[in-house]
Every structure is written in C-alpha cells, then in structure tokens.
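So that you can tell them apart, the chains are marked A, B, C and D in the order they are listed, and the count of residues begins at 1 in each.
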C-alpha cells in the first residue's frame, strides 16, 4: 500500500511528521513523505503520480481548514475512488471540539478525521478501515 | 471601650488571635483576650465580669456554628443591650458562601459577622458601627 | 496480666468505643497485607511518595474521598481526625456525626474514628489496601491509636511535643508525655508481628515563624523518645519555610543529625525517613495562585531529597477541600515529581554549620537537665523555655522567642528567650535581619512575614 | 541617497503595506516613552520579568488580549504574528483576516501586522505603554520589522538561524542572512535615537531534543552578527531541557561565553540578557498538569538566574490559548517569582567544563571556515553540518545529529554527525546514555524522549 503524507499549508511542525513516517514504514506501507509546508495541490499531484492508496495529511498549527476546503473540487475533477483521504493533528485554531471539527472536514471529502488523537491510535483505525474497504 | 475576645470551641488557631489583640490595643481598646479553645459560656462570663462593650469571637477551624448557636439563649437571659456581638474568621466547614453564612449567624444574635474578611477591614467596620451606635 | 496489658484494657474500655478483641487484632496485624505498611513501601520504592490530608465525618464520604485518591494513584492515604475527637470530646463528635449523617452538611472537620470504631473502619482500610497515615493532633491519643492500629492504619503521626504545643491550650505536659509513651509502646508492640509500624513527627508545628533549630530539636527528641520504647521506623519532618535555601539547609542538618543521634544512643537498627510539608502557613485567597504555591513546594521537596511529601490543595484558604480538589493536588504533585529530573545536590556550608551548632547546643542543654529520664528532661526544658515554639497556644510554652524574616525570607531569631543559642550563632542570626526600629516595627514586620505567600 | 536608505524604501513599498513616512517614524522613536523599551526596563528593574506569547487576527481581539495582560501587571507584552505573514504570504493573511473580521472564528494563528499597518498598531502600542516584543519566526522579516519598529515595538525576536532552521522548509540560507543583516541594521539605526532596540535570539529552536552545545553556539553567533551591525542590547535564550541540572549548566556556560565572545570581538559596550522559555516541547493533554509543568519551568528560570521568562499556558496542547488562560499563566508565573526566595547559586564544574569545551570547539570550527565574513562562515558551517539542529524541517540542515535522553533526562549526543564535538566530550556524552540496542531501540527511545512531559 502506498501512502502520501506531509504537513499541509504554511505549517512547519515537523516532529509528528517524522514519527508518522517511521510508524507507517513499520506498519509496512510504502511512504512518500512530502514533509512540512506542503500545499494541497502538491499532495494531489503526488497522489496521482505515485498512484497512492492513501493521502494522509497532518496539520498542527490550526490552519488546515483554509488549505483543505478545496479537496472536494479535486475529488470532482479526478477519479479518486480507491484513495482514502485522511487528516489528523490539531485541526482548528484555539480550543475546538471534535464534534464540530469532524463533520466539517468530512464535508470537504476526508474519509477519516483525527482531531487531537494520538498517532498510533489513528493509524490503527486507518488500518482497520483499509481492511474493511478491501473486503 | 472594653473588648472580650478569643477563639471559640475546640479551635486552637492562635495566629489571628494574637494579631487581633495587637490591633485592638493599637486602636485604643482595653482587651481581655481569653485565647484559643474558649467556650461560649466562658465568653459570656467574661463579658459580664469585665462589663465589656464588645464580644469579639474568632473561629477558624470551621466549627463555630455548633458552639455559637446558643448565643440567643444567653441574650434572653441577660441584659446585653449595650454589648456588640461580633464574630469573624472562617465560619463554615468546607467552602461556604458569605450570603449563606451571615444571615445564619445574625439569627443567633451576632450584630456583625465577618466570613473570610481581613482583620483590619473588619475592625474598621466595627469601629464605625460602634461610633454610630453611640450617637 | 502485665501492667501494660492492664493499662491497655482500661484505655479501650470507653463508653464511646466498641469492645476491643486484642487477640483478633493481633492476628489481623500478623496477617495484614504488606501493602498496608508505609515502612514497607519506603523500603520498596525509593522515590518521593505523595500523601494528601483529608477526613470527612461520615463513612460514606470518607470512602468516596479514598476512591478519588485511588483514581490518581495516591501513594499514601490520610485519615484526618476531627477536632472534637482530637480533644477527646467524643460526645460532641458523636452528636455532630449524627447531624452530619442526617443532613447534607459536614458538621465535623475530620473523621471521628472512635465513634465509627475499628471494625467498620478496617473494612474500608483493607478494601483500598493502601498505607494509611493517621493525622490528628491529639495530646491524649491512646484510645485513638489503639483504634487506628486495630483498623489497619499503620502509620501514626504526632508526638508529645508536636501534637501538644501547636494543638492545645492547657493540656498538662506530663500527661502528654506519658500518654505518648503509651502510644510508642503500642506501636512497638505491633511492630513485632509484621512490618514495623511507622511513627511520624509533626515538624510543621504551628507553621508560623518557627526557626529551624526549634523544629530540628523537637524532631530529634520525638524520634529518640519513640526509639526508646522500641519503635523501629520513624519519619522526621518539617514544613516549607519560605526560603528555599533554608529548606535545603534544614534538610541537610536534619538528615545528618537524626542518624547521628539515633546511632549515638544505640538505635542503629532503625529506619529514619524525611517528610516535607507543602506550605503550611497562610494561603492566598486565590485558587490558581494556591495551586502555583503547592507546585513550588513540590519542587522544593524534591530538591531537598524528601522521602514523602504531604500535600495541600488550592482550596486551602477557603476551607476543608472537596475530594476532587484534594485528588487534583495529588495528581499535580505526582506529575511534577515524575517530570522533575536531575536535581542538583546542594549544600550551604556556612549556614549548615551555624544551624548544626545551634541544634547541638540546645540538645546539650536538654541532656544536661538533671532529671532521670529523657522525657522528664524534655518536659523541664519546655518549662524552662529551652524549647520554645513561636505562636504556640499552650500556656506553658515560654513564648519568648521572637523571629522575623530576613530579606531572603529565611526565618531568623530576633529574640532568643531562654533557648541556648550559642553567641556566635545568635550574632549570625541577628546580622541577617534588616528590620530596624522598635517593638512596633517588629510587630508590623511579623504580620507581613506571616502573610508572605498571600 | 545611501544604499541602505534606497533599500529601505524599496522594502516598504509593498502592495499590502501602507505608505511609510520615515521622517515621522524617526521623530516618533525619538520622543517615544522610555517605558516602551525593554532595554530600559532591564536596566531599571533587576528582577525576573515575565512575558507571555499571544496574537489574535483582529485589532479588537488583540486589544482585548492586552487589556487582559494589563490586569495581571504583565511586564512585557507579546505580538505574535500569524504563520502566513511569517512566510510573507500577505495575500492569504489578508483574506483570512477579512474572514476573521466577518465571522466570529479566528482564521489566523496570530496578528497579521503588515495588513493592519503601523499607524493603526501604534495606537494600540502607545495606549498600553508597555514594552512589546515581536514574536514571528520569519526568515525574511524586513518589512515586518520596519512595520514593528514604526509601531513602537522595540524588541525584535529572531535571527537568521533561529528563525530559519526551525521555521522553514526551503527558504534560501544566504537570503536569510542578508535579510537579517538588514533587520540588525534597522534596529541599530533606531537605537541611536532613544534607548536601544533590544534584539532577542530564539534559543528554543525546534524545542525538540536540541543539545545545549547547538543552542549555545547559535546564540553566540546570532548575538555576534547583531553586534557587528551596531545592535547594543541583546538577549540570548534557551528553553527548558527536561533536566534541571542541564538547564543550570547551560545557563552558566551561556552567560559566561556570551560575555566572553562579545568582549573578545570588541563589543564591550553591549548589554546581554538571559531569557528562559517555559517548556517548549509537547505538553500533556491535561490543563491541570500543564499548569504544574509551567510552574516547574518558572522555578527553574529563577534557579538559573534568567532576566526574562517567556510563559506558556495550561491550554498549550489544545490550541491557541484564550486571553484568560494566557493572563492566568502570567499571574501564576509572577506570583511564583514573587514568593520564590533565597535560591542557591548552583554550578556543576564537570558538566560545565565539558559543555564549554564543546562550544569552544564548534565556535573554532566556524571561525576557521575560510569565508571572509562571519555570516558566510556560519552559512558554510550549516551546509557542512557543523551546525545541525535536530528536527529542523529545513532541507539544508544536515539532520545527522541524533540525541537521546540519559536516565536523568539530560539530552545527550548519540551521533554527532559533522558537529566537531571533541573526543573526550563525545565519550562523556556517550557514557551517560543508557539505551542499548540497534536503530529500532533508539527510535523508540527518541519517541519516548519527545513525550517526557506527557
């Protein structure tokens, strides 16, 4: 399974990104890590180029919303049926509640949304999700 | 003016009591300090014996209520018209609100009730009260 | 029947106490889970342990408090006794307990152990299976301690001085010593059957302007009196002074001299622990700042290398804390202990030398008293003012020592009364004090010094 | 017109910036109230000063934040810039500001200073009349700093390394150095007219496993680069490491060497201050524990003798804090500073000697680079990996240094990459590390080490 990952927007929090790469590799994924400060378009290009199964976006500095709202436009334009879209990290500015955050990002086209959820907890859920999707 | 003072009941918090004595003397009162661990009856006896103008009771450990409820009985028995009854300190167990505490102690017969009020703030009010009472 | 045994039977025969089955109690202690013994926990876990204070009138509320403490993995539970029981006024305690049970209001500031009895209390103690420390402040704690030990409470705080001078107005000194002698004996007795019962002195005293020399002397004395009766595990303690350096110096001298005096008097086979009290003086009327204050205390406890810390709560200024606030303080304290790594070992040679000399001088004066036993020497020393605790409410306490804080907030001796502070030490103390002026200036300074954390 | 002047005029001519009236600005700086200058406050008040972080998108919310800070008597206010502005993306910042103004949601994580402009911002700055520190993280901060100084913000944080390696993925190094040279020049320029503008380096860097040697070297370098351009007042800084002793050692070495290098290079007429950052790494998702963590940081700041402490809040893990939480953190920090008395002066000779030797060795390697100017030597040293910041997102950063925590939580160098750590120092570092095993064990350890406070 191929995963494209990175941190979206003008966000340079790299620590989780490094750990995500390690953890994904340990779980047997083929990882294309675009690193921090990556724009949605770059992510989309990489997904198409690598024929990835998963796009796993991180955002920590709270500004993801402005950068990710247009995902649904790309999903209209390209055929991404087999791609799973995941976003996680700290998804709002200030203290925000998961129940407000999750539906919002789902409406943009994300399949899985993890707000302030530990990395490995999220990746466990992702693996389960992928298994179910396949079967 | 004569003041009988002390800490009521099985209460041995002496620090405020020492400071009260100092402050009352500085304000020109004649002070009879019965110290800590003094029962209501002892206070009443002292008031009668010294012909005091003020009975100023402290309580810090939260147990004043049980010891002071009977003040109104003494007030029925003796003529205490010229005596001002004051209580102050920490007047309930646990965190309690002044608006619950004050009416209760007033109903027992106290003229001035100071719950978690600084000593000198309280004594200022007492002096003002005495001045008004005299005139 | 031995005299001691007869004495014990007389003590426990009290109209407010249930009947004592000593054989059953001994059996219980023999078989008691080691996890109930703090002396065992000290041996096994070489880290700073956290213990709150706390007591509620009813069994149910006490149980709820313990459940709350359990959630935050509290190392040692407290059982704090209400102040009527402390003064052996079981009748009033009973009345107030009944009122507390009938109404929703707490009419007692602690758990009236005698009225509840050991059989009931033991159910709770063994249920939680965590060491419990008895906190009281009782000059005559004979029945209370019998009841506590029978309940499975295997640490007893207090002592004939520390639970008398700060806690009583006129309880007779000789009785206090004799009654505590009894307590030590009972503790020593039960110590034979399983892990030792731990005794702890209450070094916080009045928590108000007590200079380290007085605290340390009293710690050493109560430790020696306990060891004399056969106690094997003892905790000396002191409370935050307000000056970090003074805490460090006090800790270093207390650790050194407690071992030294114990060994010198032939008690080499004893364990001595150090307990640190989070700030025991007047708190600010602000919960956030109070939380910061107790965090600061925790840092210092770790810095001075204590074995146990006794916590306060952010509600200290307002009244007996809720169980939630109490457990939160433990959680914060344990968290800080966990993350606080790599503390330097600090000492201050000059200050330690001065303090040590002061302590040795006072100890010598006590030992030089002509009386035949240590407790009588100590009793005489209190009467003579050689031991003099500032802000003690007790009528026998000399009340001649006057202390003020130096510009660094260390407590310094301004007037030494009858306490035999050596000349050069007293000069050192006075040299640190900045306040000038007469009696009025000193009184104003003391009032300010009491409120330094507010 | 001088080259510098022409450069300045070009910089401020930006479609998102308002027109700059340099003559008016100079006049403003000349007449500015001394209370706006932190360099002046440092001189006047010889105590540990407290400064929070904080920035909100709209003027109104920023004003409310300052009002909150004023209530708790905050020593220095912050102006934290949003991350679009940091990356010079004023167009996005503008759009998001508009959205934030129209709706109730904050669409920016800081104050977009360029879009607000200096005329508006100055009204707020002079209203509060408290020194303000510009917090950004911008490699190209030329326009931002011009705007800040024109607004009356007289402390500028950052530097060509500290605001680049932790804050950027691929901003060109040479440009960063040149742009910061410009910033220093502007600061030096305005320093002539009134009290000096204070520059502060950002020693926290990535706040993740950075060893003290790297932090100190970068502090010294940025200080020297600023002094070279005529800056007269500078703050070196570092963040809590996770080991108290390592903080003490770092502070002692940093204080000593910053003065020494400054003097050696002929900058005797400069003021150097020490700034300590409360824990900058990952916080626990628990507000009460977070409050305890920052209390602990405050204690250490006082212990290491810092001149300023920069606060976090108990909401750190959750997101940009509310103004109330932010002010509360300042209140707690100031309270602890006030009550924390008589801290011992501590040092650790062995550790300090090792760290000093490491720093001198790396500094020597930098100075030995054949380039003609210091900034070019430094640039080359970064490229060569002589300066190597763990967890930097920047593509030029070598990323070869690997650090782990020793059992006391001190950060130790496990792999030194190209950083010229002397042999005996490296052996010392390795000797402290307990973790055994291959790559996997180290990675697991590092993950644990990042989360020590959680």
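Simple rule for what comes next: contacts are C-beta pairs under 8 Å (C-beta built on N, C-alpha and C of every residue); 3 or more make two chains touch, one makes a residue touch a chain.
Everything numeric in this text was worked out from a predicted model, so none of it was measured.
Omitting chain C while holding the rest fixed, one finds the remaining chains separated into the touching groups A, D | B. Using the average of C-alpha coordinates as each chain's centre, B ends up farthest from chain D. Spacing of chain A relative to chain B, judged by their CA centroids, is 68 angstrom. Rounded to a whole number, the gap between the C-alpha centres of chain C and chain D is 46 angstrom.
Chain A and chain C have Cα centroids lying 57 Å from one another. Spacing of chain A relative to chain D, judged by their CA centroids, is 31 angstrom.
Pairs of chains that satisfy the touch definition comprise A-D, B-C, C-D. The part of chain D that touches chain C in the complex is made up of residues 242-246, 248, 284, 288-289, 291-293, 295-296, 298-299, 328, 331-332, 335-336, 339-344, 346, 348, 408-410, 452-453. Taken together, the chain B residues at the contact with chain C in this complex read 9-12, 14-15, 17-19, 22, 35-37, 61-63, 65-66, 90, 92-96, 116. Remark: chain D residues 83-84, 86-87, 89, 92, 96, 105-109, 166-170, 206, 208, 282, 285, 315, 317-322, 391-393, 443, 447, 450 touch chain A in the complex.
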